[in-house]
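Letters A, B and C name the chains as they come in the text, with residue numbers starting at 1 for each one.
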């Protein structure tokens, strides 16, 4: 699960690194991705694992739209406006989903990856394992893209120093938009994966958003590889918390972790800020 | 506002229940006053001092639960319960503020959401205060001011809500004109520069939080006595925090009348959609809110007040205190 | 000899691998005007941050009036009588010039009318008397510099740390600013001035501390400094003649 969190968080981290903006609607992006995967399955017969690229594409587009339609206009605005912009988007999407799809829990039936895997004495759900593997693969792809490809490097450069990058001829607007597209795509894949074993409903984004924030904080805002390690840590903490204390408080523990991180080590475990 | 129209408006507001005796119009006005008060309270912390709290419903819930619990268990009049609730809210606000005020901007906002969720979860699982089932305020007849319950007419609730609004506005105005008010605004602009001038930033933030929390908690008690039933879902949810924010932002964060203006615009909208659309209304009005928040963020972060200022063509406007001085000079 | 107004000893600050200040020590007496010079990256602004509590030093102490003030918060430092301006100007953009300065004035009074009067006077003393109702964001750079000065002055400091008085200001405005600084000195306010404009600093400073790569390489009267080999090599260049 940690790997999935990492993927969700990766997009968030990238966006923040690029323009110091926290996407408060990230959880809702995830929720949308899950719905997309669901509809790909129910209408098109595509198993979510196959549907992942579809979700990635759709969410990438959503990311691009969000950037051009909304974010671009508030980049220069006071922070209050920025917070409200993405926050408003989140509210809009969440209730839009509720309006359009209703509040019922949806599930994908009979996904490809079903059943359990037995490792030693541990029983692991096959969907979860599959999800982690795909998430890891996606993460690896992202990492390679960022560090090897020309566009990826340009992106990283923009994140590190916007002005220097633009002086070098890198079109920052395009980079920002790209950041949002990739962020959306990451979330798209993650959502599709989650759809294989998670209930789908309009509010599902909430807890994941919180987990994503913690993961990003832990891994260091803007540090994409760190997010992977952080994701694993968060996943572990969450699982442990679920075992040791009443499940309702699971997220409180995660939140406490967030507080601990931002207060005592704002750069996260591996961050550069 | 100039003298004559303002006085007329005040008169109209005071006379409203005498003219409109049906419950629904009164209810709408009561909601306007309540949300206006809550948003004004939030504005003290967020608008003036610049600390965007997205978990303010916490204090609303604390106020509601404290007074209700005391009515049930100790037969304490809600008037005293209200004060206890406010005190408790202040204590909690200081406890939350301690870690959270070290954070800035986005991190702070996220943290406030988190605390809101934690408290809601806590209460949801706490049987002593009813858990998920909520608490009923014991019905007391006949209607009495002491017990703060009126079953036949909303008139007294109307004036009480108005009183709460007046209190919130009065507190804001008083702060605005004091040294503290200037300090708040400096902190909002640049807290480090403020510190270099001797401003005790943390102390000021805590003060803003305390006042804001106390007022919000009073609103919570009022609500409990008005609807006579509370549960975590109705007094603690994130959506309430959002609503309070939205009302303030819509009208104009950082100005005295802004939040009330926001309430005047949004409450009828909300009540209207609820009446027109029934069940699905819940999602639709939040949907509209989401769109509105985005629109405000993009078009005019200073809300309606900012919009009005723009239309009047005053570009380099000096905020409240000094502007009046300017025009008087 | 009574305790110096400000005494820093062995101040050291590292940021990751970079040593911004290394073992910096010097003192400033009441009413002295000390200049701080050095190439970019010499650690001058960091030094100010360390003294005024914006950053904690890794080692060393800051003493004000002989009492340890290391690691105090910026507002506490201000209360002890130290004011500062910033290299990258930080006015309160959404507030008028008057309100900006009132924030400083409020240190000494809680009464709004009193603060307003004190602020008006401070603004007049820096030559912004006709701009008091203008929003800070509507002021030019030179005006903003004066604003920041007035703001710090309103706190009635005994020692003012000025970070780049003439930076970014057009040549015509410089004499005015210099006269202002002289005037402050004449009033008995101690001053530590970071400056790149050598003509200005040679003109007004009683003493100069030269920094390079975080270390103090010279500390003495202007005449001495301009002849100091290390300072010439590091910063002044051979062409400079006092």
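One rule holds for everything that comes next: a contact is a pair of C-beta atoms (placed from the backbone, for glycine too) under 8 Å apart; a residue touches a chain by one contact, two chains touch by 3 or more.
Note that this is a predicted model, so its numbers are computed, not measured.
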Based on which chains touch which, is the overall arrangement a line, ring, star, complete graph, or other? line
Between A-B and B-C, more C-beta pairs in contact link A-B
Compute the distance, rounded to whole Å, between the mean C-alpha positions of subunit A and subunit C. 46
In whole angstrom, the CA-centroid distance of subunit A from subunit B equals 33
Centre-of-Cα separation between subunit C and subunit B, whole angstrom: 43
Where in subunit A do residues touch two or more other chains at once? none
Show which residues of subunit A lie in contact with subunit B when the two form their complex. 21-22, 24, 70, 73-74, 77-85, 87-96, 98-99, 206, 210, 213, 217, 246, 248-249, 251-252, 255, 258-259, 262-263
Quick check on the complex: what are the subunit B residues that touch subunit C? 177-179, 182-183, 185-186, 189-190, 192-201, 316-319, 321-322, 326
Of all residues in subunit B, which touch subunit A in the complex? 46, 50, 52, 54, 99, 102-103, 105-107, 109-111, 113-115, 117-118, 121, 124-125, 238, 242, 245, 249, 253, 280, 282-284, 286-287, 289-298, 301
Enumerate the contact residues on subunit C facing subunit B in the complex. 52, 54, 73-75, 78-79, 83-84, 86, 90-96, 98-99, 102-104, 106-107, 110-112, 115, 133-135, 137-138, 151-152, 154-155
